[in-house]
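Structures for review follow.
You will see chain A twice below: alongside chain B first, and alongside chain C after that.
Entry: the complex of A and B
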């Protein structure tokens, strides 16, 4: 018993030794700047001299800023829509592409391309696709179905939706790849047993596939929520937060505070709030999904 | 099973959420020593070659090498990073409108005008834009420019339209360019006015300023004791904003104008998407190359309801307080402002001019370039050039008005007066923050 415990202790020690280089790197490049960022939240940052302590002022300014609140709402709408829509579509794609046939293998590789394309390039492509006149590629397609030309990014009413569409296009392959991996872990025996019991295709999906994919859902939605909160390049490279602030998200606001007005204190306070919100939401979601399972 | 999945997921979540926090680090003072002199400029493509040529000429003259860092749209971001890490260069060549911003960051060295070699040759208007609200100088001028209307001459002559003389004429020309197929390709794919309407870097505000002044309005009005009143809620400003919005709402502006930044708008003009562009002479060389000199003409924007004012701005060489080479930095800034430095910047790369209008009275733009168009640009600058108000920090005002104007431009049915009232309130708050709001 004690020998076993000693061995376990030694294994833990070895594990920590292996972890140390990574932890040191993380500490230096992530945790220290983070702590410093939180610290800066309480100062009016003055680059030429001493920073001035302002207490909770920066947080108050951020919380009371209607533009920031609107940006938070946009971030939530954007994050949830992208997460749910891409998960649903990705699941359908994964169901169609599971298995090991050669043709499927090719399609599976090809369809993954959007996931590895740089966001900036995707943004440029979508600016072209979404060209808001009747001669725009997507509008030509819509025209075939009698839909009038859409303004896409150029109207406050459609910009956020168009942005969601672009992100879903990019996120689906990524989610689908995880789903395909998840589907492969579900035992074939379960499907066979269900089929023998007379379960229909739909019932097999509902009672075997969906429960079997529960951990996959957790991972995909958690990653999507985090991704959704950190959305920046997608917005900055397409609309810059406009028109009329309709696509302004938390990150574009922080960027403007930090890098356009150089108000590092305010930008840090906004970032700190963002960090807390993301951590809390993720924790709530994980607790909820754990209790459910 | 559940906790096995959830626990790594939780730590992953916390780690990744942590990434949401930008790495903002503290301030340390740079310890730059000796040669070479580090200079940052906002420039792209052949503009960078022009700066390198200036650097080489300076080195020949003084023996000191110049180490350039070039950036364009991400200039501010890189600059912010450099300030935060205490790794600033010796000299930064940047917009005159950035002076207040840089000053408020506390990174600028004061410049003794009398120590600038040839300081008397630098024109008064340029010196004024290197002045802080306290009347002291914080930069050495390097270049100026003024906004004018660039018109597709071939389109105009094809449609037999005279040069515009009023704001209304411009609207009519924009409509004709949109509807009468001026490029004759048989497709309905051309537009009138090119508008950079994005909030990014305050472009919408930057673009609208000429119209606001021409309509007789202004952002702020000076009051007693170096204070300012916010004056965006006037009928004149409303006239200007409505005029610009009319191009978007009649669809005579380029599509997606509301999100366009300047890297979108210049190609809109020279690739033949739209035929009217109010801008500075940064890209004359590019337009000459891509379009051809004979295809476009440059005129003052037709007189507005009140006057013919046009946005004038420029660039200064700012010397960083942290530089260990204050004398050398000033020497380089003086060289850039000297006839020799100015001439290289004007002519080294035809499509990458880093000195647009010379700030040195001994240099004549038209003769140096052997191009009479520059004589008229210089004349417009002298006669109608209008710089941004001399508030302590213009950048936050440009950004907040840019967002406000973008809001108005994005909806054709928005109540302009009411929206301007909202922007004016925000403007008052900003003036108050800068401690210059008139009581």
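Entry: the complex of A and C
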């Protein structure tokens, strides 16, 4: 064995030693559960006995379950609305807050509060803001503009929209911070060239800023779509899926299947489906946006 | 959000088309933003400081008589949960950062057999929403294979699953790759081994990255909600964010006290964020990808 090869062997050994703690953590708490989850999808879990192999039955049950379908629709509506609304609003906020004035800096770090606050705490704050009587804080504000008092979380008609509003509020500051970083990467030569060509502010925005921010948009939307599918705490801590199932999402269904009716097999099948859908959508979106770019 | 970002943002922004509002309009926009994003937090604090009892669903922008008694009362009921949160966050964060720096050192500074496979495995976990594995995770934690430890109904069950986090491994790996090889080679010539190089050379040089993973790690851990729920039904073990809804129901008669509890629950994230704010931007885009 040459010295070089011995050295390479030693490098590999050292590398793996440094990696052991991380690999153990991933093996136990990510990969093992993932494999076990896929496996459980094909079983009916019996307590205190052998699990029964049921083939694709669990998947069939999930796909045909009207409650689950409704939850999937809510998840999609919620995810897409939150993704698009927060990206658009965040872009406007970013345009208003770029630059290095002291006041801008102050506002920028102050409005970041929602982004760092735990979802469960945001949920409690919004239950207060959304207090459904005419004297509720947000209803008072709406009253200034002549909008009648809203029931928010307490009516099936407005609950999902209210949930979207809460998530947009939490997502905008983070997205805006990313847009501000993105704006900073656009070369100013492009703006100068456009200005020399006589492009108006609006045209410069459309033809320089928007294409320049396209990669940032890709990142933000991908993030929002992935996050949209896994939405759980936002719903569970506010409406719990109600009223009348109007805000039930995939994850709250899975939680109920797993921890309220204890049907682990069915819940695992639903989880497996959700994982596949998320992965496929992410892949489609990434190829699509790459081809476009 | 940091000095760094601001500096980068300065130069091009001069020629970026900006809606040319006059000064009053600019202040109006700032006021609107502060009202929308900060006023809710402000009114939580003001309500918590008010001595006059608020009606349920009432918030105030100015306190109605000042008192700290709401905080005293809130602390009495919520402190056990606050300590659960602090223990979980402190231990989990320490483990998460240690494990991540070790792994990053291997990924960034070593050429070894299997490197590509390891990177791919870690990347996979980035794509896997932890919610999806919640049920099998619960089953695994009832009896950890091979070592036969029971992690359910214990704070360890809330700590260990968040220790492996691809985000912090990737952030640290990126930073460690940028360290010039000459430094490491010079140390090796002087007879330093990997442990010395790791602790004396690499770690001090990636201090900003440690700030970044601390702030993101803390926020991620404090945000855990489903994990405590699946780990235990024993409320005594719940963290404060998870316990909030319950406390709200208990304290329905005194909204001011609940507001104080809410403020106590959100204070640690604020402190960590504003203390380490300058390290934040380095993780911004990585954080965006993590999903």
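Here is the rule we go by: the second predicted complex is superposed on the first by the 265 of 293 C-alpha atoms of A that agree within 3 Å, B and C clash if a C-alpha of one lies under 4 Å from a C-alpha of the other, contacts with A are read in each partner's own complex, and residues count from 1 in each chain.
Just so it is clear, contacts are C-beta pairs under 8 Å (C-beta built on N, C-alpha and C of every residue); 3 or more make two chains touch, one makes a residue touch a chain.
The structure presented is a predicted model; accordingly, all values stated were derived computationally and were not measured.
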Just from the overlay, do chain B and chain C fit on chain A, or is there a clash? clash
Scan A:133 for contacts with chain B and chain C and give back first, second, both or neither. both
Winner on chain A touched-residue count between chain B and chain C: chain C
Quick one: classify A:230 as touching chain B (first), chain C (second), both or neither. both
For A:88 in the superposed arrangement: first (chain B), second (chain C), both or neither? neither
Going by the contact rule set out at the top, does A:264 touch chain B (first), chain C (second), both, or neither? both
One more residue to check, A:218. First (chain B), second (chain C), both or neither? first
Determine, under the contact definition given at the top, whether A:180 touches first (chain B), second (chain C), both, or neither. second
Could you say whether A:275 touches chain B, chain C, both of them, or neither, answering first, second, both or neither? both
Kindly classify A:147 by the partners it touches after superposition: chain B alone (first), chain C alone (second), both, or neither? neither
Touching A:284, do we find chain B (first), chain C (second), both, or neither? neither
With the two structures fitted on A, what stretch of chain C runs into chain B, 128-136, 164-172, 182-190 or 218-226? 128-136
Overlap the chain B and chain C contact sets on chain A and report the shared residues. 29-31, 33-34, 36-37, 40, 127, 131-133, 135-136, 219, 222-223, 226, 229-230, 236, 251, 254, 258-259, 264, 267-268, 271-272, 274-275, 278-279, 282
For the complex, which residues does chain A have touching chain C? 8, 11-12, 14-16, 18-19, 21-23, 25-26, 28-34, 36-37, 40, 93, 95-100, 103, 105, 107-114, 116-121, 123-125, 127-129, 131-133, 135-137, 169, 172-174, 177-178, 180-181, 183-188, 191-192, 195, 201-202, 204-205, 208-209, 219-220, 222-223, 226-227, 229-230, 232-233, 236-237, 251, 254-255, 258-259, 264, 267-268, 271-272, 274-275, 278-279, 282
In their shared complex, at which residues does chain C touch chain A? 1, 5-20, 26, 29-30, 33-34, 36-38, 40-41, 43-44, 55-59, 98-100, 102-103, 105-107, 110-115, 118, 121-122, 125, 127-140, 144-145, 160-161, 163-164, 169, 194, 198, 219, 222-223, 225-226, 229-230, 241-242, 244-245, 248, 258-259, 262, 265-266, 269-270, 273-274, 277, 281, 284-285, 287-291
For a test of understanding, state which residues of chain B touch chain A in their complex under the given definition. 1-3, 5-6, 9-10, 12-27, 76-77, 80, 83-84, 101, 104-107, 187-189, 197-202, 255-259, 261, 321, 395-396, 399, 403, 406-407, 409-411
In their shared complex, chain B is touched by residues of chain A numbered 29-31, 33-34, 36-38, 40, 45-49, 51, 67, 127, 131-136, 153-156, 215, 218-219, 222-223, 226, 229-230, 236, 238-246, 251, 254, 256, 258-262, 264, 267-268, 271-272, 274-275, 278-279, 282-283, 286, 289-290, 293
